[in-house]
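In what follows, chain A forms one complex with chain B and a second complex with chain C.
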Partner chain A sequence: MRALRTVYARELVAYAVSPVAPIFIVIFLVLIGVMTLNVAGLYERGLADLTPFFNYLPWLCMFLVPALAMRLWSEERRTGTGELLLTLPLGIWPVVVGKFLAAWTIAVLAIGLTFPLWITVSVLGDPDHGVILSGYLSIIMVAGAFMAVGASISASTSSQVVAFVLTLLVCLLLSLAGFRPVVSFIDGRVPPGVVEALLDLSVLPRYRAMSASDFSLDDAVYFLSLIGCALGLNVAFVNAGRAG
Partner chain B sequence: MPTFLRTLLAVVAFTVLFVGVTLLSTRTLSGVRADLTQTRAHTLSGGALGIVQGLDRPVRLTLFYSSESGSNLPEVVAHVERVRRLLRGLERAAPPGLLIVEEVDPAPFSEEEERAVNAGITQVRQRGGATLYFGLAGSNDVDTVQGIGYLDPALASRLEYDIARVVYLLSQSTKPRVGVLTTLPLDGAEIAGRIRARPWAVRTELARVFELVTIEQDASGLPPGLEALVVLHPKDTPDTLRYAIDQAVLNGLPVVVIVDPNCEIDVPPEAQQNPRLLASNVIASDLPDLLAAWGVSYSRSEVVLDRIHATNVSVRRGSETVELPYVAYLRLGKDALAQGVRALERLESLNIASAGRVEAIDGATTAFTPLVRTSEEADLIESSAIRFSPDPQALLRAYSPDGRAYALAASVTGPAKSAFPRRDQHHRADGTIRATVIADADMFADRFWVRPQRVGGDVVGAVRIADNAELLIGVLAEYVASDALLSIAPRERQVRVFERVQAMRREAQQRSAAEELRLREMVETADRRLGELGAAREGAGSFLLAEQRAEQERVRTMRADAQRRLRDVQYELGREIEALGDRVTLINLVAAPSVVILLAISIALVRRAGRNAERRQQRGGAA
Partner chain C sequence: MGTPAVQLDSLVRCFGTFRAVDGVSFSVERGEVIGFLGPNGAGKSTTMKMLTGYLQPSEGRALVEGNDAWRAPTRAKALVGYLPEGAPAYAEMTPVAFLRFCARARGVARRDVVRLVEHAAERAGLRHMMRQPIETLSKGYKRRVGLAQAILHDPPVLVLDEPTDGLDPNQKAEVRRLINEMAPEKAVILSTHILEEVEAICTRVVLIAQGTVLADETPGVLRARDPGHQRVTLRCSGANAEVRTALAAIGGVERVEEGPGGGSDAALVVYASGGAPIAGDVAGVCHDRGWAVFSLEVHSGSLDRVFRDLTTRSPEGAA
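== the complex of A and B ==
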C-alpha cells in the first residue's frame, strides 16, 4: 500500500510540474465550454439540466484521456526510467495501479473543473441534482476505463504519439459499438446475437443509462472489469518490455 | 515461452475475461439497481407495488417486441430492457401465479404478428420497410383487454404508471358508474354533417377507469346506480334535470360541476363559417340556483387573468411573429394546487384557458376548500373583453392586480338546503353534499392538454402535456373511494426551466408594454396632427403659414423620435436576457481555465525560485 502511495504521489507531482497536463486540461475545459454553451446552446434552450454537456463529454474524454495516458509508460520506456522504477523493491502491480490512479485523478480533476456549469444551472433554475451527480459519476467511470486502456497501450510502445493514436482508436471502437449509425449499419450483416453482444460491450449505452441516473450493478461490473483487465494487460506489457 | 507469445496469450486471456464477465454480468446482475434522481424516477413506487401485491385474480401481461427491427434503434433497445426489468419487478411482487408476464417476438408474416395486430399493438413502419411492434397487452380471466399500443422510449418516466394502471384496470371486476351530463361534443362531433371527430381524450381516459353513462339534456331524471356525476358546461339545463341533480346531490351523490365564463371550444360546427351565428352563440355556462344552494358564488361574466402563470402565445406584429404572455391562458404548477388533498397529489401541472373564479357565499353552511388557485397577482376582466380576437398586449397593459388569489376550482362539503320548493312527498329539503366546482371547461379539450404522439410521420396516440384529465379522474376516484388508483401517480418528467430567465422575460415584457403604449400613442397623435396640418394646407391653397410649417417639421421630428425609441424598447426587451447569457458563457469559458493556468504558472514560479535558491546555495557552498 505504501509502495502504491509513493508511486501515486510521484506521478501526481510529475503531472503538476509538466506543462502538458495543464495545457490539455485548459483545452478540454474551453472545448467542452464552447460545445455546451455555444454549439448546444445550454442557455438558450432554457432547461435547468446539463444534458448537452453530458452528451458531449464522452467524445471529448476520448481525446483528453489518451493525451494524459500517453506519457504514463512510453516516456519511462524511452528514457529507461521505467527499468529503474521496476528495480526498486515495489513490485509491478503497485507501480501500474499507482500510475493509473494518478492519471485518473488528473482526469477527474479536469472533469471536476467544469463545476461552474453545475452552479450556472442551479442559479438559473432548479435542476435535479441527483441526475447531474449521476452524470459526473458516470463520466468518471468512462474516464477511468479509457485511462486504463490508455495506460496499457502506453506500456506497449515507446512512442507517445503511437500510444495516443492507438488509445484514441480503441476508445473510439469501444464507444462506436453502441453508436446508433454504426449499429444500424452492422445490423442485418451479422447475426442478431452479435449486435446485442456488441451493445453490451460498448461504453456509450451504459454511459447513457448511468448518466440518466439509472445505475445497474452490471454497469459497475462492466467498468471495473474493463479497468481490471486493461491494467492486467498493462502489467503483461511492462513485463514484456522488461524482458524484451 | 518467448516474450511475444506470452504477451499475446495475455492479450487474448484478458480480452476473453473482459468479454465473458461483461456478458455474464449483463445477463445476471442487471436487476440490481440504484436510482439517484430526486423524483426516484427509476424506482418501483409504493403505489404500483400495492396494486400488484393486492391482485386477487390472474392478470396476464404480454410484451410484444420485434427484436429484429428494434435492435437497430439503441433507444428502443434501452427501453425494452427497462420494460422487461419493470415487468420482472412487478411479477416478483405479485402473489405467486397471479401476474403472468410473457414476451412475444412478432416476426414478419408469423402467427405472433397476427397476435400483435389482434391485441391492438401499434405497427410502427421504419425506413427500409420493416415493421416494429413494441407494445404491451394485458388480459384477465374474463378476457378484458387493456394495453399500451406503443411503449414510447420518450415516455420512459411514465412507464411504471402506465403499466400499473393497466394491471389495476384488469384487476377490477366492475368499474364505478359515473353519469355525464354535458353540452359539449365529448363523444366526438359531427363536423359538416359527415365526418365524425374522435371522442375527446378526456373521455377516453375517464372511460378506462369508470363506466360512463351519458345523460341527455332532455332526460327526465338521472339513471339509477350512479356513484358520481359530472356536469360539464351546463347551459339552459331544464328544470326537471336540475331538480333531479339537486335531489341526488342532497341524497349523497358526489358531483363535479364544470362551468366556464368563456368556453372557447364551444363553437357549434354550423357557426364556424358564420360570423353572425358565432357572435350570437352563448359560450358561458352556469348552474346558478344549484351552485348558490351549495354555497358557491360564480360569475359567468368574469374571467381570471394571472400574469405570474401566463403562458406565451405567438402574435403577429407587422411582418414578424413575437412571443407574448397571454394572461388568460395559464400554466399552473404544484404551487397553485392545494396541499394535502389526495385527489391533487398526483398532479404536476394544469393548463387553464380563460377560467372563471369560484368563491364561498357569505354565511354558507358548506365548507369551501379551494383546490386550484391563481397567484396573488391575479386580475379579473369582463369575459366579453377577450371573447373575439383578444390582444395579449392590451390585456397586459390594462392589467391591474388587486393582490388577491382567486380559486379556479374548489370542493364544497357539508350541510346544504335544496334550491327548489317542495314538489312531492319524496322531496328532500336538506342533506350533506359533496361537490367540486371547476370554473374552466376548455381545459378538458384535447388541445389544452394532449399532443398527438408521432412515430415517424404516423400519429400513434396522444402525449399529455398537462394533467388536466388527471384532475377530474383524481376528484372522481376520491369520491368513489378508489384508493389504489389514487396511489399510483404519473410521474411525468418534470420540465425544469431557467426560472430566473423566465421571470426576467416576464418583467421586461411588462415594463416595455407600458412604454410601448405611450410611444405608440405619441406616433398616433403625431400622425393625426400631420393629417390636420395637411388638411389645413389644402384649405389654404397649398400655402402654409411659417408657423404651421415649423409645427409640421416639429411633429415629424417627434414622430421619428418616438418611432426610434419604440424600436429601442423592442430591442431592449431581449437585450437583458442576452446580456445575462453572454455573462454566463464568459464566466464558464474563462473561470476554470484561468484557475488552471494561474496554478500552473504558480507551480512553475515556485519551482524556479526553489531551483535558483538551490543553485545559490551550491555556489555559496563551492565558494
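== the complex of A and C ==
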C-alpha cells in the first residue's frame, strides 16, 4: 500500500504541475457544455434529465482520456526515469496501479466538475436522481476502462503521439464493436457466437443500458475486469523489455 | 569471510542473438571501490542493470548481500543505491520533491524523510538548488540530484553508471571526493571511461570487453601489464656505448635503447624484462662506475596503454 500511495501521489502532483491536466479539464468542460446545451439543446427539450449529456460523454472521453494516458509510461521510457522507478523497491503492480489510479482520478475530477448541469436540471425540474447518479458511475467506469487501455498502450512505446493515436483507435474499436450499424454490418457475415461475444465485450451498449437505468454489480464486474485485463497487459508491456 | 556485498555469478544477457554480457563473474566486498572499465558497448551498463534488478539475466544471477536481484527484487533493491546512465530524474519536479518521493518509495518513515533528504542533499552539494525544477538545472546539478537519490538511504551497495560523465573538472573532483568519503563502509561499483579516475579512487579494476571479463585486479597490477612498466630513462655522464654495455649486463634488463634524438648525449631507455624493478640497479651501476646521473625516470606503465592493448585484441587471442 505504501508503494501504491507513493506512486499515486507523485503522479497526481505530476499532472497538477504540468499544464496537461488543467488544459484537459477546461477543454473537456467546454466541449461537453457546448454539446449538451447548444448541439443537443438540453433546455429546449423541456425534459428534466441529462440523457443528451450522457450520450455525448463516452465519445468525448474517447479523445480526452487517451490524452491523459499517453504520457504515463512512454515518458518514463523516453527520459530513462522508468529505469530508476523500476529499480526502487516497489514491485511492478503497485507502480502500474498507482499510475493508473492517478490518471483516472484526473478524469473523474473532470467528469465531477460537470455537476452544475445536475444542479441546473434539479432547479428547473424534478429529475430522477438515481438515473443521473447511475449515469455518472457508468461514465466513470468507461473512463477507467479507456484509461487502463491507454496506460497499457503507453507502456508499449516511447512516443506519446503513438500512444495517443493507438489508444484512440483501440477505444474506438472497443466502443464501435457493439454499435448498431457495425453489428448489422457484420451480422450474418460471421458466426453468431462472434457477434454475441463482441456485443458482450463492447463498452457502448453496456454503457447505454446502465446509464439509462440502474448501475448493477454485473456492470461493475464487467468494467473492473476490463480494467484488470488492461493493467495486466500493462505489466506485461513494462516487463517485456526487461525479461531475459 | 561472510557473504560478499555483491556477487555476480556467470551473468549472461542476450538481446536477440547478441550476447551483450557473456559470463561475467566477480564479487565485491564492503570497502572496495570497483572501477568497471570497458569500451562503449562492452556490456557495462547491461551488467549494472542486472545487478540493480532492472533487467532479468538470461543466465546466471546477481546477488546483493545474498539476495537475488531478480528473484528477491524488493530485498535486493533496498540494499542498492543506483545512479543510472545519464542520471534520469522527473524533470518537472524540484530536487526536494523528487528526493522525498525516492525516500518514501524506499520505505523511509515519514518523520525521517525531511532529515534524510537534507542530509543527502548536503553531501551531494545540492543545498542551494533544492527548490528549482530539475529541468532548469545544469548538467552538473542534475548529476548531483541523481547521486543524492542514490545515497539517500545510506545503502551498503552503490552502483554508479558513469557518475562523472559530462562534468567539469571541479565537479568531477567533488564527485570523487564524495565517493572516497563513502568508500570505507560501502561496496561501490562505478563505470567510467576516464582512466585517471580509476587511479584516483578505485581499489580494483574489472575490465570487460564484448561481454567478458578481461582483467580483475588492482590498478597497480593492471598498469604493470604495460610492456613499458619499470622502464628507466637515464641521462648520465658516461659514454653511451659503455653505459649501454654495462646496463645490459644487469639481471632483469631486457634491452637498452637510445632515446629519441640520438647523438652521444641522448638519453638511454632501459627496458625491464617481466616488469621487474630495475631502477635501483641502474643507479647502482652508475654509482659504481662513477658516472654522474643527470636524470633518471621510472615509467610506471599507463592504464591507457593496457586498456587499448587488452580491448583491441581479438577475442580468440585474449588470455
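Some notes on this structure:
The rule we apply is simple: the second predicted complex is superposed on the first by the 235 of 244 C-alpha atoms of A that agree within 3 Å, B and C clash if a C-alpha of one lies under 4 Å from a C-alpha of the other, contacts with A are read in each partner's own complex, and residues count from 1 in each chain.
In this section, contacts are C-beta pairs under 8 Å (C-beta built on N, C-alpha and C of every residue); 3 or more make two chains touch, one makes a residue touch a chain.
Computed from a prediction, not measured in an experiment: that's the story for all the values here.
Look at A:7: by the touch rule set out above, it reaches chain C but stays clear of chain B. Between chain B and chain C, more residues of chain A are touched by B.
Applying the stated contact rule after C-alpha superposition, one finds that A:17 touches each of chain B and chain C. In the superposed pair of complexes, A:120 makes contact with chain B only, with no contact to chain C. In the superposed model, A:34 lies in contact with chain B only, and not with chain C. Using the contact criterion defined above for the overlaid structures, shared-chain residue A:169 touches neither chain B nor chain C, since it reaches no partner. In the superposition on chain A, no contact is made by A:194 with either chain B or chain C. When the two complexes are overlaid on their common chain A, residue A:161 makes contact with neither chain B nor chain C. Residues 17, 243-244 of chain A contact both chain B in one complex and chain C in the other. Residue ranges of chain A in contact with chain B, taken from their complex: 16-17, 19, 22, 25-26, 29-30, 33-34, 36-38, 43-44, 46-49, 113-117, 120-121, 123-131, 133-134, 178-180, 183-184, 187-188, 192, 195-197, 199-201, 205, 208-209, 213-218, 221-222, 225-226, 229-230, 232-233, 236-237, 239-240, 243-244.
Contacts from chain C toward chain A in the complex involve residues 13-14, 49, 52-59, 73-75, 77-78, 80, 82, 84-86, 88-93, 97, 101-102, 104-107, 149. Within the complex formed with chain A, the chain B residues making contact are 3-4, 6-7, 10-11, 14-15, 17-19, 21-23, 25-26, 28-39, 41-42, 67-68, 71-74, 77-78, 82, 494-502, 580-581, 584-585, 587-589, 591-593, 595-597, 599-600, 603-604, 607. For chain A in complex with chain C, the residues that touch the partner chain are 2-3, 6-7, 9-10, 13-14, 17-18, 79-81, 83-84, 86-91, 242-244.
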